[in-house]
Structures are given as C-alpha cells and as structure tokens.
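So, here come the structures, one by one.
First chain A sits with chain B, and in the next complex the same chain sits with chain C.
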Partner chain A sequence: MRQWKEEDPQRRVVGYFPVFAPRELIEGAGAFPLGLHGGGQQVELMFADSRMQSFVCSISRTTLELGLIGNLDLLDAMFFTNICDVARNLSGVWCRNFPQQQTIFLHLPMHPPGETTLRYLVKEFGRAHRTIATIAGNGHGTEPLHVAIAAGNRNRLLQAQLEQTHRSEPWNLSLPALYLLRRMGSQMTLAQHNQLLADALGRLQHSTVRPRDGIRVIVEGAFCEQPPLELLELLEESGCYVVGDDLARGLRPESAPIELAQGGDPLEALARWYTFASGTQSVRHAPPQQREDYLFGQIEAASAQGVIFLNAKFCEPALYDYVVFKNALERQGKIPFMTLEFEEKQSTFENLRMQVETFVESILFT
Partner chain B sequence: MTITGGIDVGAGTVKGVLIEDGLRIVTSDKLKTGALPSKASEQVLEHLLGDAGIAREQLDYLVATGFGRTQLRDRDLQVTDITCNGRGATFLFPNTRSILDMGAQTTRGIRVDESGRVTRFKLNDRCAAGSGRFIERVARALETDLDTVVHHALQGTAPTTISSVCAVLGESEVINHLAAGHRIEDILMGLHLSIGERSIMLLRQVKAEPELTLTGGMVNNKAMIKALRTLLDQHINVHPNGELAAAIGAALLAKQRHERIREGDGALGGPRAPGVPLLEAPAASCAIGSR
Partner chain C sequence: MQTTFQHQGAGLRLQKEMMTAWYARQEQAVQTKLPIAYVFIGGSPNELLRNFGYELAFPEINALQCGIKKAAGPNIIRAEDFGYSSDVCGYVKNDIGLMLNDYQSPQGRLAKPDFLVCNASGCATYLKWWEALAQHFAVPLFVLDVPYVQGDEIPAEEIEYVEAQIHELIELLERQTGQALDMARLKTDLAYAAQTEERWSQLLDLATHHPSPFDSYFEAVFFMANINIFRGTKEAVTYYDEVLKELKERIDHGVGPIPQEKVRVVVEGPPPWPHFRSFWELFKPWGVVCVASTYSKVGGLWDQGFRHDPSRPIRSMAEGMLHAYCNWSLPKRQALIRSYIDHFDADALVIHSVKSCRSFSVGQADLREYFHHEAKVPTLFVESDLADPRYFSHAQLRNRIDAFFESLEHRKLARGGAGGGP
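Presenting the complex of A and B:
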C-alpha cells in the first residue's frame, strides 16, 4: 500500500474502523478505502495502554497501537462511525494523537427508517463526501460516485452468489476461505475485489470435494473484532458446517442493490439504501422482536440445526444482541445453541474444541 | 449389509476396526502413531480395507477419533474419544457403567448409561504422570523396554512409594530409589500403583459404579491390571480387544450416523442443494481452503 501510494503522490488513503463504512462514498470521493481490523495476534501492546483502558476490546487497542508504532502513517484520514462508545472515544484519541491525519466521524442514524432519517443521512453522507473529496483534491463531482455505486452493486451480487454456493455445498468452500475472500474487500478497491470474487466463483464451478458429515449451524455475534482464523477452522474441523454467519458484517452484502437512476443523486441513493434497504443490521436500533425475526429468518434460510454465538471479550453491542437472541432461542426451545468467547490474541483453542465437539455430538447422536 | 469403520488416532498407537452391521468385528489393525499421525492413520485404513477386500467407496461410513482425529483426511466424521470409548466399552461388556480409559497420553474416568451414552467424564489434564507415557519414560531411563518393566513389576512384593505427581520428577524419584538400594521390582510395582491411584481419583470424581471396564493401551499391561485390582478390590472387566474400544465405538457410531443420514438427517442427509449426492465418491479436488 505504501509503495502504491508512493508511485503517485496524488493518491490518498482513508482508513476506516469497523463495523460499517460506505466504501462507495470513499472511493467515489477519490480516495482508497483501507479497512482496519486491529493487529490480530501480531502486535504487542507497548503504547496504546497509556491511552486506553485494559478493559476495552482488543481491536480498539491494537488498532491504536498500529497507529502509534507508525504502521498507519500512510493514512491521509481515518473514518469512524458510532458503533459503540469505545469506537467513539477512539476517534477522539485518534484526533489528538494523529493531527496530521484528518479524523472523520460519521454519525449514522439510529432511528427507524423514515423520510426524516433519510434527509439527515443525505446531509451526513454529503459532509463526509466533501471532506474526503477535499483531501483527495478531487473536486465534488458525482460521476466517480456513480462508478463506485455500480461497482458496489456488483460486489453485493458476487458476494451473495459466493455465500449461496457456500451454503448449498459448504464442503467446497471452507468457512475461513469464505471469510477471507470477503475480508479481502477491505484491502482493495471494489473493482479489484469484484475480480477476486469472480475468479473464486469460477474456480468453484469445477470443484467437487467429498463431503463429510456434520451439522449445519449459523454463527452470530462478532461486531468489530473478528475471531481468529484458527477458531473458524476449529468449527469446521469439529463437524460444523457454518452455513450462515455475520462475520465481517460491514463488508457483507446487505440484501438489495443501491438503486440509482441515470442522472440521479448518488448521495441520495446511497442514503436511501442505507435507510430503507440495507437489511436488519445489528449496528442499527431495532426492537427485540425484529431482531428475533432476523435470527429465525437466518436459521430458516440456512436450514441450520444449531446456533453458535462467537462473542468478542468486552464487546457490549454483541452482548446486547446475545441476550435478545439467547432468550428467543430458549423460548422457542427447538434450536440448540452454544456460546464461545474469543479475543484477538488467543492462541490456545483446545478447550473450545472440546466444547464444540460435544455440541456437535449432542445434535448428531441424540 | 453395512460395513462401517472406526479409527482411533491415539498419541501412541493408531487403532482401527471395521464392523459389519454394528455386530461383528470384520478386521482390526494397529500401528505406532509416530511423528506423522495422518500417515499412520491412512496406513491403518489401507490395511483394514485390504483385509476386508473392499474399496473406500464400499465402506459405508468412517469415524475418526483419538487425539489426532482430524488428521485422517478420508473420514466422514470425527468424534471425541470419550463418546467413542463409552460405546466401545459397552459393546465389549454390555453391563459396563464405568470406564477407566488409560492411554499413552491421557487417562479418563467415564460414566455411561445402559446404552453406552456418556453421562459424566473426567480426564487427567494431559499430565504424563497419570498415563502410559510415564511408564515408557521410566523404561527409557532404565534403558529397557516396556515388556521388561511389566515383567519386573509383577515380581514386586513390597512396592516402593512414588509420590511425585509429575512424570519428569517421578522419573528422578525412580532413579533416586535405585540409588538408595531398593529392589527394581518393588520400585516398578510402586510406579504402577502410583499411576493407578491417580486414575482411581478420576473414577471417584465421576462417581463410578460397577461394572468397571478398562480400555486403552493399558489393557495390555498386566502389572497395571494387578495394581488396579489391588487398589480397587473389585472386579475389573478386561477384554483382549480393550485397546480397540474407542475404535470399536467409533465404528458403532458410524453405523448409527449412516442409518440416520439414510433417513435424511444432518448436514448431508438434511436440506441441501438439488443435485448434491449423499456421501458421493471421492473426486478431483480443487476446493478453496478445505482440509
């Protein structure tokens, strides 16, 4: 990325913190959107602990550490949204510690869908677009936004096809591979990601692998911080076909495409999509019944036999969802579930393996 | 006729069996695990299929178990050794209600119901001092083999107490006793009693009830059986195929799953995309990220 930027001094990179950032908006303003997902198992905390408490999620601390050790000095701006108080505070810490980078905070609406919400979001998206376009020296024209939205729509379509393929024949595309294909979208442009997804789909057409026995489960619970790959591998090795998940949820297709007529206002189209058609996202307020309907809809669509909750330690939004989902499943009493807690720097998984295998066997051999 | 297989990829030995209709052992095999559990388990499978005169496609279902269960690529499912031991021990002795599974690396106390389903279990937290590996270490330290250790231990008349709970320290303790002039026979029987005592603590924790069945590689160690009978003062079921118990259980669970899938249960038998066959034959592989 550093090399790519040095090849052309005009190039600009905007980092974004999960869960959701409208990549179309950043690309459409002329900058490269670079998703940050913390430091995983690779970063030792040396400086971030002096700015953030030890009882907050790992991803916020390791992302800050990456900045403080100079790994993110290629960024021209950093983009945050109001997912939780920790992310909100991190944006403030970022602003103070990296004055050479512009910190952009996007206030996504929490309100239920409606025209007022839409009008607010058009203004908010417009503000962010103008800020990034100024950084990119790109003027405020909307043509690049049209191009980015078209690429984003194709991206949703390709991701939906990939997920459908995985859901119907999960042995042909492992969960870690699906997850990485999705997550690679945070490290490349929409057009590049589309090419990658199209290539993967092409390869899968000729793939036939002898399936193993197992149970079909859906995975819920990860917000910003993502489970280590070893944990995803462990789920499959233990006999779980994960046929529905909410991993890297900010990078996933949220159902409907963005509808943008020829000559239409792309900011209005983007805001309308987010307000009305972007599905039941956990990052938005929704009454418990709507959340429950979402969960049971996921279970039904995937023909799942169980649910595995993967919750990051210290993640409050995940716990909010977890209570709603857990109560709903207990009331229904038909779908077994289990809960696993993880953190970025986890290195031993054997205890979790035993728990998952016991869960699988309890379904297979009853 | 249904032929199902179970392969127990243990820390010391890979054991495998094929079972016909969940009733009769068709053939069995075992090999040292060595440094490549995947290779040893594939070899055992190859031997089993060769002995039975069938191809892999004719094997209706294969379950892998043991510490290296995910190393066997050609499995249909992996199941924990605890569950498999429960089924296997009940197959060997139908009145089994408690199991002491003593392997190379792990010892487990298991309680089962009348159908062999596990109701409680406790394991020795991977400490070699409570498993067969301890005896192997001592044999190596004495520059002899396992059979000689067992032979000498059976001659012990006044067992020496081995108090250490760590295999490394226990090994030093054995050497110290030798230096102090204790008889080797008494030291080695003391060693077996020491391991036996730790194993019995696991049985107490699962509230073991008769009948008790011994499984795992230790069924071949007569000194250990003598030590356990001395400590427990009760009958212990010991079967010549006791070492195969987990593999047998795996093959029986394979039979159960095979029947359930035929009835339309599970990820393979349940709802799936049209045209996806049930447990289709191996074909060219170019999956992304599959193991």
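Presenting the complex of A and C:
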C-alpha cells in the first residue's frame, strides 16, 4: 500500500474504523478506502495502554497502537462513525495524536428511518464527500460516485452469491475462506474486490470437497473487533458449519442494491439505501422486536440448528444485544445457543474448543 | 462584613422539599393518573413534556440515588443474573435491577414509564437502555438522536435534524394526549429555564473566589439536581436564588466547604456514588477544593453561555440538546478543561475514570497525556466506578491521592506557597 501510494504522489488513502463506512463514498471522492480492523495478534501494546484503560475493547487499543508506532502514517485521513462511545471518543484521541491526518467523524442517524433521517444523512454524506474530495484534490463532481455505487452494487451481489454457495455447500467453502474473501475487501478497491470474488465463485464451481457431519450454526456478535482466524477454524473443526455470521459486518453490506437512476443524485441514493435498506445492526438503534426478528430471520435463512454468540470482550453493543437475543431464544425454547467471549489478540483456544465440542455434542445427541 | 449566617442550609431545605414532592408525585402516579415520561439528563426536553402533562422521571438520577444510598449493588447483581455482562454500564444494570424488582428503591416505589423519550445526547448506551425498557413495558419509545459536536461550528444540518425531531415529538405528543402544544406556556417555561441557567452559571462562577465558597464537584453535584430535574419551572429559579444567597454569604464570611483551602483542582469524570463520602474524605485532609468540574455539565453547558430562548423556542431547545458535556468531542472537552484551569486558577487536574461510562472515560487517559506532558498541569488519574460498589479500592485510591498531593505540596512549598497535609 505504501509503495502504491509512493508511485503516484496524487494518491490519497482514507482509513476507516469499523463497523460501517460507506466505501462508495470514499472511492467516489477519489481516495482509496483502507479498512482497519485492529492489530489482531500481531501488535504488542507499547504506547496505547497509557492512552486507553484496560476495560476498553482490544480493537480500539491496537488500532491506536498501530497509529502510534507509525504503521498508519500513510493515511491522509481517518474515518469514524458513531457505532459506540469507544469509537466515537477514539476519533477525538486520533485527532489529537495524528494532527497530520484529517479525522472525519460521521454521525449516522439513530432516529428511525424516515424523511427527517434521510434529509439529514444526505447532507452528512455530502459533507464527508466534500471533505474527502478536497483531500483527494478531486473536485466535487459526482461521476466517480456513480461508478463507485455501481461497483458497490456488484460487490453486494457477488458477496450474496458467495454466501448462498457457502450456505448450501459449506464443505466447499469453509467459514475461514469465506471470511478471508470478505476481509480482503478492506484492502482493495471495490472493483478489485469484485474481481477477486468473481474468480472465487468461478473456482468454486469445480470444487468437490466431500461433505462431513456437522451441525449448522450461525455466529453473532463479532461485527467489529474480529476473532483470530484460529477461532473460526476451531468452530468448524469442532463439528460446526457456520452458515450465517455477522463477522466484519461493515464489509458485508445487506444485499439490497443502492437504487440510483440515470442522472439521479448518488448521495441521495446512498443515504436512502443506508436509511431504509442497510438492515439491522447492533450499532444502530432498532426496536427490540426488530432485533429479535433479525435473529430469527438469520436462523431461518441459514436453516441453523444453533447459535454461537461470539462477543468481543468489553464490546458494549454486542453485550447489550446479547441479552435481547438470549432472552428471545430462551422464550422460544427451540434453538440451543452458547456464548463465547474473545479478544483479537487471544492465542490459546483449548478451553473454547472444549466448550464448542460439548455444544455440538449436546445438539447431536439430544 | 456580616457576623451572622442567615441563609446557610436554605438551598438544601428547599431542594429536599422539591425532591420529596417530586418523588411523591411519582409514587402516586398510578392513582392520580399522572403520565410518566422517562428521559435522560443531557439535553432533556423537560419543558415540552410538561407542556403535555407528563411528569418526568430520570432513571440516571434513580441510579445515582441507589448508588449513594448503597442500594445499587443488589440491583446490579440482579441485572447480571438476567444476562447483562459485568462489563457494561452499572447505571443501566441498576435500572434493570430495579425493573426486575418492581421498582422498589430507597425513595419508595418508583414510577414506571408511560412514555420513553431517548434524548440520546452524548451516550450510545442510552439507546440500548431505553430499547430494553420499551420491550419490558411495551410503551412507546421516541428516539431523539443528537449528533456529536465536534468543532466550534455546528453544521446547520445537525441543528435542523434535531429541530425536525422535536417537531416530530410534538406531533406524537399531540396524538398521544389529544392536546395541542400550548406555545404560550412553552415560552413562559423556557424563560424560566433561561433564568435558571443564568443563576446556575453565576453560581458556578463563584468558585473563582479564593477561597471558593463551595466545592464545584462534591457539592455542585447536588446543586445541579434542580436544574436537571426542575429546569423550566419557577421553583427552580427560586431555588437558585436561595443557593446564591447562601454562597454569597459564605464569601462574605470568607468560608468555604472545608476549613482551609490549600489546593484548587478541576475534576473530570463522574463521582463514585456508592462511596461518595469516603471519596471526598480522601481529598479533604490535603485541603483540596474543586473549583470546576465537568460532571456538573452533563445536563448542559450553560456556563459556556448557552441559554434557552423563548423567542426561538424549538431552535433553542435543539441547540441546548447538542451542548451536553458528554456530547462534546474530546478536543472540545480538552479545551474546556484547559479554560477551567485558567479561569478558576486551579493548581491541578483530577481525572476520575469510571469503568461503567465509556462515554466519559475513553479518551481520559489521553487527556492525562496532554495535561501532564503538554499543558504541564499536574494531573492525578484515579479509577473506580460511578455505580458499581465493587470497583472502589479504598486503600489503592488513598495511596495514589496521598502521593499526588504530597508531591504537589512539596512543589508548592518550593515555590513558597502554603502547605500542611495530614
């Protein structure tokens, strides 16, 4: 990425913190959107610990650490949204520690979808677009936005197709493979990602891995901080087919396309899509019934036999929604569930493996 | 100079009367058919809800009261048994614990909500909290979403967004109650609000005196209850008139909250309610007086000049909602604290970081970096919680507080100031 940027001094990179960042908006303003999902297991905290208390989620600390050790100095701007108070306040910490980068904070509306919300969001998106376009020296024309939205729509479609394949033949496309394909989207343009996804879909047509026994589960709760890959592998090794998930939620937008008519206003189309069609998320207000409907919808769509809650330690949005989900499942009394807590930098999994195996057995043998 | 005290305790007596009557109204709400609206403190639409006959209830204040009356622990544990993590906000868990116990509290039985207004200014957890209550009580929930204030200029669309939501709220209230908005009353109440805000700001500014006549943290957190709960009423104006008399009388007599003021501090962060008294006691032996605090601004930053304005009723309500302390970005919070240090002639900054409230605490360690290393303001950083009694480590806090003020005292002595710790 650094090299790519050095090849052309005009190139601009906008980093974004999960969960949701409108990649179309960043690309459409002429910058490269680089998704940051923390430091995983790679980063030792040397400086961030003195700036973030120990009761705060790991992703916020490792992301800050990456900045403080100079790993992110290629960024021209950093994009945050109001997913939670941690991310919101991290934007302020960013602002002070990295004054050479522009910190962009977008307040996504929490008021229920409607004209008030839409009108506001069109303007917020417009403001963010102008800011990034200015950084990118790109003028404020909307043509690149049209192109980015078309690429974004194709991305949604390809991801939906991949997920469909994964759901119907999870032995042919494992969860870690599906997840990595999704995560690659954070490191490339929408068009490049589309190419990668299309190639993967093509190759999958010839895949003939033999099915094995496994229970079908969905995984909920790891929409922002990401679990180590070993943990996802462990789920499958322990006898699960994870056929629905909310991992890296922002990189896997709802499949409904952004509807943009010829000559239409792309910012309005993007805002309309986010307001009305971007789905239920833990980091967005929803009436409790809607959250329950979302969970049962996921279970039904995946024909899941169980739910694994995979909550990032200290992640408040996940931990609050867990109560809603857990109580709904208990009331319904048909779908077993288990709860795991993880940290991105975790490196031992034996306990978790045992818990998952016990869960799988309890479903298989009752 | 006056030789006798005439006004001491008057504010407290009046506050007690007002609070007792308020809790009694809540307790009898079912019998008297008084509809109850739950709201949050920061930028709450008090005047609007009263206009439609609602009595206000503030679960944040219930949590605070449960904390201070040592009733929060069992509530929190009840909520954890229900599924809430030990890592989420103790205020929420206290309230869920109350809810699961039919709202039995040290204040008697608290009122249940008929209407939930989630004026979400400064905290994302508010949404989750009210969502849970809406589900439990199956009552209407209105989310009044307030954008986060980042720079000095608030974009017009953000104010318009809040304003549009207030109009939606009015329409909903009109449908719900079958009454039209009484604009004349709203303007009258907003005028009371402005007078209250003016007096409250005058009160806070009295801490510029040496010695300060009151503690702007340990005492101001009680003075602030009236502006948060009763703002928009004549009684709130009267209350602050009384407190102002009381504090001016203290100035006339040269007395303050402790026998001898030796160190003036600014405090950032909420108090540890379950251990409020013992926390204060840790500072008193060092002659510490807080001259400005950020916690007393969680309802609104009226000290920064903002006033409700009857000539622009809805617009000024929208603006007010944006200016709650926790809704200000960290750079703005940092600049505000910096200005407090200068304006109130403070010697040091105390940051009390609480686990429950990420809205307050994330970024505080970075504030410490700034104040300690860049602004060269001696800064004490201590941790506990505002609701959960389990996170208060008395011995550890005492060690840190003693070490900090001892070293500060040495520095003051070296510069020729007053000294004398415990």
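Just so it is clear, the second predicted complex is superposed on the first by the 366 of 366 C-alpha atoms of A that agree within 3 Å, B and C clash if a C-alpha of one lies under 4 Å from a C-alpha of the other, contacts with A are read in each partner's own complex, and residues count from 1 in each chain.
In this section, a contact is a pair of C-beta atoms (placed from the backbone, for glycine too) under 8 Å apart; a residue touches a chain by one contact, two chains touch by 3 or more.
Model, not experiment: these values are computed from the prediction.
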**Prompt:** Aligned on chain A, chain B and chain C: do they clash or fit?
**Reply:** fit
**Item:** Touching partner for A:194 - first (chain B), second (chain C), both, neither
**Value:** neither
**Request:** With both structures superposed, pick whichever of chain B and chain C touches the larger number of chain A residues.
**Result:** C
**Message:** Per the contact definition in the header, classify A:357: touching chain B only (first), chain C only (second), both, or neither.
**Reply:** first
**Prompt:** Between the C-alpha centres of chain B and chain C, what angle is found at the C-alpha centre of chain A, to the nearest 10 degrees?
**Reply:** 110
**Asked** Of the partners chain B and chain C, which touch A:63 in the superposed model: first, second, both, neither?
**Response** neither
**Message:** Once chain A of both complexes is superposed, is A:97 in touch with chain B (first), chain C (second), both, or neither?
**Reply:** second
**Message:** By the touch definition at the top of the document, which applies to A:111: first (chain B), second (chain C), both, or neither?
**Reply:** second
**Request:** Using the touch definition from the top, say if A:51 reaches chain B (first), chain C (second), both or neither.
**Result:** second
**Item:** Closest approach of chain C to chain B (Cα atoms, Å)
**Value:** 25
**Message:** If we count contacts the way the header does, which residues on chain A are in touch with chain C in the complex?
**Reply:** 50-53, 55-56, 60, 82-86, 88-93, 95-97, 105, 107, 109-112, 116, 119-120, 123-124, 127, 283, 285-289, 291, 311, 313-314, 316-317, 319-324, 326-327
**chain A-facing residues of chain C, complex** = 82-85, 87-89, 92, 120, 123-125, 127-128, 131-132, 134-135, 141, 143-145, 147-148, 150, 155, 157-158, 160-161, 164-165, 168, 329-331, 333-334, 353, 355, 358-359, 361-366, 369-370, 383
**Message:** For the complex, give me every residue of chain A touching chain B.
**Reply:** 168-174, 176-178, 180-181, 200, 203-204, 206-216, 233, 236-239, 241, 303, 305, 354, 357-358, 361, 364-365
**Request:** Sort out for me which residues of chain B touch chain A in the complex.
**Result:** 61, 70, 74-80, 83, 117, 253, 256-257, 260-261, 266-268, 270-273, 276, 279-291
